[in-house]
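Please see the structure below; I have some questions.
As written, the chains take the letters A, B, C, D and E, and residue 1 is the first residue of each chain.
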């Protein structure tokens, strides 16, 4: 495969990570905790879409190889993920009187609950959306790029959602209110910001995007009760890399992490091809830069980036 | 909302300014943090157009009075009334919309937002005219105008204090609660702020202010209260307080 | 301070939640005892659970020394636990690809040394920076360590794991043969349901003694450290590092000490685990262990050593106790039910006991310095608690 | 700019041509002055003049862009705050620092420097010495709390006190550290005037016992009464330095700082 | 899609669909308690889908056993969750052995967990441990640890032969990075005489294996061998399909299953060859097992379900043949009731009849639905292997290989 090909794969995977990391980052800064149930929120979105799609069917036409019904399912998946998150906020998080680590622990409990419910409802086996699997787009194959229309659909939808979010934040006060709240919740209330409402919006946006990410993850790969949870660590890496609390940072972080994990085979080719200094170093690198270590490499890069830019790529410079 | 309407009987008329109904009053309030009681049968009133100054030792409960009036704390007993309506326990974000503004003593700016954004946040509950008010405020406080796109956390202590004051003014409130406006201000800047308080007051905003700079604070006030251990110990005109030997000795550093 | 000197005063000193927890603990212990005597609870199994609880308690002690004391967010508990387990396994096991066959005490020392080196490796670059760095780096580190253990077969046997591990007392006089040497006992408390204590019971008993020794020493060291000026500096760093620096404390060094101390304790838990289960595999480095250690510390009450101890017990009760609920619960698919239950218990504790079960209750000043001084009457609730319960935000 | 550089016989703190800028703003602009041993030196200037920044530079919290800081004759430029403190200089913060999960008394006990109990090994090797110094420190802490009229707060959670009380704890703790030079950033802002008077006496007494003070304060009555000499900072550089009288009547100071009112 | 059954409602079956329900006297009318044995399964965690398959087999087997009864008593299985982890597995086994006191323990799924349980709980006691699914090579070294699923060794050899016979001298190999995958891959590498153009492991539960796939492709080998699990394999097939790569696939048994067929595009695997353990003939007992299974669960059984089924039946027979319900006694009978001596029977009912008529353990030779189950001296079953080929997106048996 060519670099271009690896990058194309990376782009698709990144799109999914980006959707996950935006929500995690938002909740991180507004509700002030690392939400370990975020991955399972993605799973909820995916399974909702599965059920919806099963119920509505294809609905006639198709775009980018996906039946209309799938898009309906996508929207319902987004909606249900958001509703579940809001309900959790109202029923569980809001009445709690604890610090952020306490909330983090609570979210671990919530994650278990979500996952258990999905497993009770659907069993623990994997499954897929009932859509026709596609072959790669012919015209791109000569360039070493092997992506299907579905992949294009994933990237395109992610772009639409991200741009939509950007517009929302740019042209309404919501983004600023969110930041104000993250900064000083008491003062935000004193200034007249209806903090509960802002928080709910945060959950709606964050969980909705996670739901979309989950649906795409299911389309990209398959659905299983652990799908979202398995991705969580990588999403965390993306959020931290981007700079906690920054939406745009989360996008950049998600993009980078997705790319790095998919580009590892390429890196390992490069390492093999390069005439690296002393022999032992070359051997060491060749042994370590392999796909078994793809996630580890992503983490190491994350740490290195942070040592250079302590507040993440989108954060402010060193303090 | 209902400016000056007195459809409820509020049993007014026994304060020193007999006749007018207070815009804001705390009567017989007990309040505190968690299980710790701070205010003990505390009564404070603010009449239309007044500047009232709360003084007293550290830990007397002055800030607690403001927080209770503004819904940050719920009164355990007693009432907080605004234009005769009970607002005890109403959420701060709603009280702002009723026309009360509040400048906290500490943590009173959004550090990670710029000066400009801080002011905008002060006006989220406004219906319109935000830009104009903000420009007016910049005119009035050049010390922050110069830094409008700097993050508030980079401001010096005094600059912050000014920003906090300005933020509360964006709403053009009817009643303003200010906690130690001059703390940390250079003498000339403090003078400016007191003048500003006066100016705001001249535009018909009643002001309840906590101040440790008693001379200047009481100097611009119509009335003052001395608070100690959560209870009002003295009440009177600035002259009465400043001239009372005991008050001055115990509380005003005289 | 000591129970022996003046028991009455010690009890009168208890705050309400302490009394409550003490009551429940005593009741629970009695319940277990009765269950055991009537044969409802197998003694060997019970000892196994005690061993597990001891292991989780050690993990939470370690994390508490980092997070509870100093506010260091360490997400690589599993890695240090795994280093301890592997370090000791690789030194002692017959199937070890590198050394093997050494006395378990050698394993213990090697495990601790490796953990120390790892702690330094991660601490040196990150502890100078803001606290979240450690969180991030450790999150990554845990994954790197796990992958290395999984993939570097020449070093760790890879996914096959290490087997052929001796018990901890292998090669010790008397103790190494103690379980076999002990006679099988048969106790009859309730006629008809005799309790049989065989070799595996004595083996478990040894394990429990071992973990009690580990945990006891650790607890003693941590308690003394926590009440000392040393611990006070850590707590200052936790809440405001700049203040500590301004007051002339070398915060980097203090953070490093706290990080190393905690890491060593976690490795100790790993060493115990190795000789309890006699098998270690890469799966033992799964992040889930980190989760549970965090849950234990938070449930117990951050910063409280007794809380950490208690949290360890709570974790075992949640994880293993739910197995019993399965037996009676609805006949829905039992496995996710258990997952659900664990989730619900975690949420419920956070809801109804947000500061943890045993948060730090009273001020921590070197005991003999306050003794005799008129200590103001003990508050009804702890320092943190009153704060947590505050109505304002 | 040389007005600040009055000759000093025995400067315990020297700041020489210190510079620090944030972005385009020169917060400290070639500042030069010294603090004579045994004095209470006042540092005043308009809001944003760079006083707190100067404290941060001296105490090692900020790295200067240029210039040097000397404490007790040692060049401490670029040192870590704790190293500067080791040379005998302690500072307080303008915004008081809160210590969560500690009582006021505990929060005070962080103050003393070089406590034997701060070494992990000593805890086990020599518990007796730990105990001894802890008792002494506790007694001292309680004495100061009493003088500051906040002894009733000793076992209160350190976070649950009023704004003014926090300033008092901050000051009291720094005093417990018994430094040679104590830098106070607005110690009485928000403190009740009656109490402020007492604090004045405290500071004076400590000064007589040998502690040198450099203090920022906007309360003119307080600072003019207590400090001599007074350094005036404006826009990052030393505007003038002199006796309270001299400063008070300096036109530039009146213009930039005091205003007509005083 | 048929993901909705949760394998739980086994209650309403048994209403005559079995046909052979005629003369089994009064079952369960006895007042004696059921026999209790234990099972450690992967109900949650990374292998939970295997655990689910196991449970289907177990439930079916329990029905078949309890329809007949074991000398008038029922069989009851206490299932504990291993969470697919060593720690969880050991804790589960501890409870079953030391708390519930079961003398017979079925478990576990993953080879690593089975070994961990054996070494830390079972070894040194007389409890019988019979693993339902573990195929790791290492288990062979532990004769006390029985297993129902054959060792991967014969499979690995068979695969090496098969690929060579098909005329390939280069192969690209990927295996799942755990005890099972690694040991099977090692055995294959030993047996394989051609060139190994690519050999790399992959982690379970990854969201994408496109890196592995593309590296296999760039190795230029035409034969690709997959030693991994269904979910991972399905992902890989989809990725191969949507990348448009072409290759001849080979696979170990753990990649075959209905769920793979269901979740991969038509034709994407056609021509693939898989070596699976199987009964030596297209036995009618497997057929009837399969049809009973389909009636119950509306899907084809996997071999994992068949192993679990056989574990239960084997255990039931061992209990019936033993003098008393203790580990010691069961150790005596467990190998013999299915061992080569005695009359070959293909159902619990038939075997139980022989025992009830006074037969000893050596008078029956239970032939399981997963194979003949003759444990050798290492506790491994004699493996019979079948070569399956994917034709028209379905598995067809094309050949048998004797272990």
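The rule is short, and it goes like this: a contact is a pair of C-beta atoms (placed from the backbone, for glycine too) under 8 Å apart; a residue touches a chain by one contact, two chains touch by 3 or more.
Model, not experiment: these values are computed from the prediction.
Colleague: Would you kindly say which chain has the C-alpha centre located farthest from the C-alpha centre of subunit A?
Modeller: It is D.
Colleague: If you tally contacting C-beta pairs, which comes out ahead, B-D or A-B? Let me know.
Modeller: B-D
Colleague: Could you work out how far the Cα centre of subunit C sits from that of subunit D, in whole Å?
Modeller: Taking the average C-alpha coordinate of subunit C and of subunit D, the gap between them is 43 Å.
Colleague: Just curious, how far off is subunit C from subunit B if you go by their C-alpha centres, in Å?
Modeller: Distance between chain centres: 51 Å.
Colleague: Between subunit B and subunit E, what's the gap in Å when you average each chain's C-alpha atoms?
Modeller: 76
Colleague: CA centre of subunit A versus CA centre of subunit E: separation in Å?
Modeller: So the centroids are 36 Å from each other.
Colleague: Mind pulling the subunit D residues that touch 2 or more other chains?
Modeller: Counting only residues that touch two or more other chains, subunit D contributes 160.
Colleague: Send over the residues of subunit E in touch with two or more other chains.
Modeller: 6-7, 44, 48, 51, 177, 201, 203
Colleague: Provide the list of subunit C residues touching at least two other chains, using ranges where the numbers run on.
Modeller: If we look for residues of subunit C contacting two or more partner chains, we find 150-151, 332-333, 335-336, 339, 386-387, 389-390.
Colleague: Show me the residue ranges of subunit A that touch subunit E in the complex, using the header's touch definition.
Modeller: Going through subunit A, the ones touching subunit E are 1, 5-6, 9, 13, 16, 50, 54, 119-128, 130, 132-136, 141, 146-148, 150-151, 217, 220-222, 224-227, 230-231, 261-262, 264-265, 290-292, 294.
Colleague: Under the touch definition given earlier, write down the residues of subunit B that touch subunit D in their complex.
Modeller: 33, 36, 56-60, 63, 105-106, 143, 154-159, 161-162, 179-180, 183-192, 212-214, 216, 249-254
Colleague: What part of subunit D is in contact with subunit B in the complex they form?
Modeller: Of all residues in subunit D, those touching subunit B are 22, 44-49, 51-52, 94-95, 150, 153, 160-165, 167-168, 186, 189-197, 218-220, 256-262.
Colleague: Can you list the subunit E residues touching subunit C in their complex?
Modeller: 6-8, 41, 43-44, 48, 51, 78-81, 83-87, 90-92, 94-95, 97-101, 112-113, 115-116, 119-120, 124-125, 136, 138, 177-179, 181-183, 201, 203
Colleague: Give the list of subunit B residues in touch with subunit A in this complex.
Modeller: Against subunit A, subunit B makes touches at 70, 72, 91-93, 96-97, 102, 104, 107-113, 117, 120-122, 124-125, 167, 171.
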